[in-house]
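Have a look at the structure below before the remarks.
Each chain carries a letter (A, B, C and D) given by its place in the written order, and its residues are counted from 1.
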Amino acid sequence: MVCEHTSTRRIEFSETDMAGLVHFSNFFRYMETAERDFFEAAGIDLINSKPGELVGWPRARAECKFSAPLRFGDTINIHIAVKALKDRSIDYQFRIYRCNPDGSLTQAGKGHMTTVLTELTSNGKLRSIPLPESVRSKINEAPAVVLARREPV
Amino acid sequence: MVCEHTSTRRIEFSETDMAGLVHFSNFFRYMETAERDFFEAAGIDLINSKPGELVGWPRARAECKFSAPLRFGDTINIHIAVKALKDRSIDYQFRIYRCNPDGSLTQAGKGHMTTVLTELTSNGKLRSIPLPESVRSKINEAPAVVLARREPV
Amino acid sequence: MVCEHTSTRRIEFSETDMAGLVHFSNFFRYMETAERDFFEAAGIDLINSKPGELVGWPRARAECKFSAPLRFGDTINIHIAVKALKDRSIDYQFRIYRCNPDGSLTQAGKGHMTTVLTELTSNGKLRSIPLPESVRSKINEAPAVVLARREPV
Amino acid sequence: MVCEHTSTRRIEFSETDMAGLVHFSNFFRYMETAERDFFEAAGIDLINSKPGELVGWPRARAECKFSAPLRFGDTINIHIAVKALKDRSIDYQFRIYRCNPDGSLTQAGKGHMTTVLTELTSNGKLRSIPLPESVRSKINEAPAVVLARREPV
């Protein structure tokens, strides 16, 4: 059972904007990277395909508070934790940290995402479906102490 | 005095993802398009430059609820309204509508963004500054009836 | 029969990078916008779906020469012309112009793209297919005078 | 002296498009990742700042041939080699390989990029400048055998 995960990546030049900082929309893409790594760590296929059906995780809501800028070349840690495991959806909490040259970490963002397990039906509509046992058996909600943890990870 | 604006654009192929839908991070970029058009309609330079200083509007918070998918080729309306005009920041409300072939509109997303007027100081730090009169004199808070309006625009 | 088209769009803040200019990768996305508009002008569905099959236009080659920078807020014209209509592919030529405040146009880029009509087979492989009559009857190769035209469009 | 480098990264969900494959424009962003890592391996600051001036490497030309699709979750190797070291510019050759589950590599793309050392003058114009000794002393042109190497790296 896995309830949290930390991914690491570098900031790309193409992720900056003319203000010299990472464009804020990319924080949401960083969250998605951590989600993929979390699913891999849990042994879950993020994208399952049933014959003739695509099953995915569209987002119902995404939110981020930005507390420090990120710049080209920065290394970041992206921490994901399961905030709530619901019948057909998962609420995640994210924290994004800039890894400073002196080894310290600065929190650059804190986010939340609600993602709904969904199948694409044959008429092109999206329909939410219950989380299967293959997902429920591998991940669990993070304890409050993890969600409220103040020190970076 | 301007308090709301509606922008229109098409969905690009490069904005879709392998689920066949617009990647959710692009909703935040659509909001930014409406913000630029709103500032232009109000007669405000979004990006001012003082000698040796870049003044911009980094985001303190961004949030979106997703209620209907967008697909390649869709035309969308992006409605922006000023929710709160604060000393050093602006809160916006966004609504994104898909323009259907029959002329009806389907709400695809509702978002909020808080953006802070900021200068980049000579040592590379960001520092918030009060909204100047040249901004305050051109935009105002949208009345409650605009923010709560149920019918699409 | 259509052999060329010009699209117009604005440069978004999110398309710039920390050098203050449009990131070069976005020139290729602008080309794609012109391709969509060209297909629409010709009355061709860019993305056809046969039952159980996705038919698309993956790129075999893309190239761009950059001659002038583009900046946030610029309006650009993107001119597309059919350079060669082949059995299973199309070669396009692109020219991207910045629309200056005085009404003049500055060429910012010149590109080429080769795109192959392709179906996704049931085992996940890509397979090129001949251009159908529904495409061949609607577009044709641009005459040399169009391809070599020196004045902006 | 360094003349080549290989970077490794994963394909992100946000880099795919509705065809289920990596959007072709992202191949150019992958090249840029390898360029950054190459400069780091050589001990060169990619972005130098002189007081009041930004020095960067805008692209004069970029090109890619696409030979195999990339998909979400793939691991790729991006090989960069210096093809020509000129007075004010560098020509790079890129090869992008998909790392297959069996350990083999499939070439997904081959690209070239010409990048010009440029300063942003005080009036906002771009001006090319000669490569400084601090760059010339750290990188050199790859021998023909490296550029023509057939086996993946």
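Operating definition for what follows: a residue touches a chain if its C-beta (ideal position, glycine included) is under 8 Å from a C-beta of that chain, and two chains touch if they have at least 3 such contacts.
Treat the numbers as computed from the prediction; the structure is a model and nothing was measured.
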| item | value |
| --- | --- |
| Third chains touching both chain B and chain A | C, D |
| Greatest separation from chain C - chain, by CA centre | A |
| Angle of rotation relating chain A to chain D [CA atoms, steps of 5 degrees] | 180 |
| Equivalent of C-D within the choices B-C, A-D or A-B, defined by over half of its residue contact pairs recurring | A-B |
| Averaged-CA centre spacing for the pair chain C and chain B, given as whole angstrom | 28 |
| Centroid spacing, where centroids are CA-atom means, of chain A and chain C in whole angstrom | 34 |
| Shared interface positions of chain D, touching two or more other chains | 13-14, 18-21, 25, 29, 32, 47, 72 |
| Contacting residues of chain A [partner chain D, same complex] | 10, 12-14, 29, 32-33, 36, 46-47, 72-73 |
| Chain A residues touching chain C - in the complex, by the definition given at the top | 13-14, 16-21, 23, 25, 52, 71-72 |
| Parts of chain C lying in touch with chain D, wherever the complex brings them together | 18-21, 24-26, 28-29, 32, 47, 54, 56, 58-66, 69, 120, 126 |
